[in-house]
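Two complexes come next, and they have one chain in common, chain A, joined by chain B in the first and chain C in the second.
== the complex of A and B ==
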């Protein structure tokens, strides 16, 4: 399966009269994990929302396979681009399997029951997120980490080769964060799914991303591999924060250590 | 699977309940008749017999009860799903009162008499009120939350009720004809009324049923629904039109009947979940059954006269409403 290409061209977007994104060009690298980094209000969430049609651009366009997404049927786009929003809602009392099955919506024929392909896709999605044993459980009873995996499985049942995730690790403790990101990495390795995430944690971004987009004040100011982006200079530029960058002894990815105004700097040059 | 068996059981119980309530509604009343008379009436035998005539007089009332109960209940399902609000229903959102106001207005000032115009007036009144209540609840921070919707519905409903009183009170002839209508009764309906009502309700129920998959998707977050390719605006508008049409038709002919649209969908949801196909069908079955049972209870408690079905649904519904609010703690769907 050839990967779909996705890019934003001269994108201007915002809410009401507020312009948040100012003529942004962004090309999502295919079959890779990308992370959009930026301070609060930098436009990273707006970027993701515009890619996922939650927000209409004021000008410029989003191109899926070089075709503007305005010209493609929304159910067809839904077969190529999936999304895990920041806050997901499950109807009260719904079971895990039933919820994951809702991800088949773009493929369903009018009023028809679930097909064999639907069941295969649901099964695969639950396997990928390791939630098969929870299938008959009510979503209300799950822990935060389990819930998040169920919602990712819903997006996977959509069988898109591009998947957006808006801060998928928020509200989760560190073990669950790693668990979710590992599952996403597996997915990218096995299925070559293009993954684009908004993450707050710079070190996790650096550890899992193949490619990083750095945004500030509605502009894309830098993009590249973690080693090129996670530097004291760029961190200062994005967040206005002084930091020291060291190498993560386990994964060899760059890792930042923020410098507080109370720190007495010694031994680091 | 487990869920499917549960749905089957509840469907069976529902059909049984509906069947029993129909028998009760036909046989019980100021003049009780036997089952043999019912069979005779249905088969068209012994038409001169008095008891058989009683049965034939009660048939339209019973049929209308099923249609009205099913309509109100399905209307409640739609309004709850659209607003993501477990306590939304035509009476709480003030939609019934809006329909009433327009009908009262039409009769007092334009001397409108035909039932078809009642339906038209009720539809416009219900539609305008629901839009207004929703806009009012959406004002300010955090949008139309369940509690804000309930409050603005109650406020608008009270305001419209007093408008109705202003129009009705000074005119004793209007007052008399409206006293009974306003309480809500399925007693005074004829076969012609049912035939008039049927096309609208059938259309609205079929369209709602066809929207099931879309409504299921809409109950996920708005972001997820868009990412799944759902046209949210279109689904919402179609479902709202169906909901308003269903409650307007019933209100036009029977007056405002409260709580059916709140209780039934809520109880069905809590027992089978929020999948709209079974939810719509079962709400229809149980809505019809419960309204007829309320009507029969009204005949029993009010003997030798009768209590209007609208009073009965309120008597049963108010405690259930309090129970639901306490239990659900107003969480959204």
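== the complex of A and C ==
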């Protein structure tokens, strides 16, 4: 299957009178894992929301296969673009399998029960997130890591080839963070799903991303492979932070070590 | 191929449970309806009632009193229940029922004014109270929209509006009550006394139409339960669906109110009870409609036959609603969010 292409052209967006994104052009690399980095308030979450139609652009456009998303039926967009929002609520008492099944909305016909395709998609999504054994559990009873996997499965049941995730690892401890990111990497390798994430952790970003977008004050200031972006200069530019970049001895990806104002005493620079 | 069927056993089991529950509720409602038409000051056997209805006999008690009363009870119950359930689902809060947040009393104010002071006929009253309900809903929404919409602000504003409207209703009823206490009671708590057959066809049509629209939107509502964001991502036209459903709900509330008065607690209780019985894995339109009808008919039967004096149905159902409201407030307060 040919991957859908997605890009933003001269995108201006914001809330009320505040302009957050200022004429951003961004083309999402197909079949890759991309990460959007940026300091708080740099517009990275706004970028994600605009891509996913949660926020209407003030000007400029989002193009899916070179067609403005305003001209495509919402259900058809929902078959191509999925999102894991930052915080998700589940109706009280709903079971895991039923929650994942709701991801099938764009495919379902009026009054029809779940079809065989629906069942297969739900099963695949639950297998990919390794939650088959939780099927009958109530979502309220799950741990943070399990919950996050359930909501990712919901997005996977939607069978989109582009998946956005807004800080999927927040509130999770390091082992769960790695687990989630590993599952996403598997997904990208097996199904060629284009993945775009907002992450706060620079080192995890550089470990998992094929491509990084760096944003600041509503502008896309740099983009490229981790090795080109994770440099002391760019980190200073994005975050105003001094750092040393070394190579991660395990994955060979660049890794930053931040320098605090107390470190200078011990002579590192 | 599905390899791991075990993960769907739960879904199938709950589906079966749901159909059984619906069936049982239907039977209960049928029994209550039979009780309601047969028992009263004068008792009939079921066979007598059936033959009276089938032959179209001119029996005043059955044809003019009990039958219209029961039909009105069923359809008003359904109307309050599904409208309440829609509000609760769309606003994601069991407190956000139209009879708690002022929408019902908004249309009651208009209905009371038109009936007690202007002496308008019921058809016109229904239309005016629909308009008033929509206006009340819109005003409450706008008032809670300052600095961005929030559900809890909507509920608080609504409770305030509710208090204001109730005061207005009480004032109007007090002025009129000297002449007509039963009418006054209708507007205080909801009452099925004095239902006339001519008001019923419109009610039945409106309820069936609105119910059909809600069932049509069923899948979208399930997505909306996950919040607006998820619904948008899943491809629901959120603003269209929400406006349509809110409109239907207000119309239902206003119509039912103009006929039976605001029968207490039905809108507020039916959805949560249905959810308890059928679990939250189903959208509970059919189940909450049945619960609404059961509550009204049972409440009316109890009020008419089982208590020392005759009480209007709204007093009986109101007694059910109050403890639940307290429970809900305590529980939500513990969670720290209204």
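By our rule, the second predicted complex is superposed on the first by the 264 of 269 C-alpha atoms of A that agree within 3 Å, B and C clash if a C-alpha of one lies under 4 Å from a C-alpha of the other, contacts with A are read in each partner's own complex, and residues count from 1 in each chain.
Criterion: contacts are C-beta pairs under 8 Å (C-beta built on N, C-alpha and C of every residue); 3 or more make two chains touch, one makes a residue touch a chain.
Since the structure is predicted, the reported quantities are computational estimates derived from the model, not experimental observations.
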Review point. So, on chain A, is it clash or fit between chain B and chain C?
Key: clash
Practice item. Check whether A:123 is in contact with chain B, with chain C, with both or with neither, and answer first, second, both or neither. Key: second
Exercise for review: Please work out whether A:85 is in contact with chain B alone, chain C alone, both, or neither, and reply first, second, both or neither.
Suggested key: both
Review point. Does chain B (first) or chain C (second) touch A:132, or do both, or does neither?
Key: second
Check your understanding: Given the touch rule stated above, what does A:108 touch, chain B (first), chain C (second), both, or neither?
Key -> both
Point to revise | Partner chain(s) touched by A:152 [first = chain B, second = chain C, both, neither] | key: neither
Exercise for review: Return first, second, both or neither, reflecting whether A:94 touches chain B, chain C, both chains, or no partner chain.
Suggested key: both
Check your understanding: Between chain B and chain C, which residues of chain A are contacted by each of them?
Key -> 52-54, 73-79, 81-83, 85, 88-95, 98, 102-103, 105-106, 108, 110-111, 136, 158
Practice item. Give every residue of chain C touching chain A within the complex, in rising order. Key: 1-4, 6-11, 14, 92, 215-216, 218-220, 222-223, 225-227, 229-230, 232-237, 275, 279-281
Study note, to complete from the structure: Interface with chain B, chain A side, in the complex: residues 52-54, 73-79, 81-83, 85-95, 98, 102-103, 105-106, 108, 110-111, 136, 151, 154-155, 158
Revision key, fill the gap. So, in the complex, the side of chain B touching chain A is made of residues 1-3, 210, 212-213, 216-217, 219-224, 226-231, 269-270, 273-275, 331, 333
Check your understanding: Residues of chain A touching chain C in their complex?
Key -> 52-54, 73-79, 81-83, 85, 88-95, 97-98, 101-103, 105-106, 108, 110-111, 114, 116, 119-120, 122-123, 126-127, 132, 135-136, 158
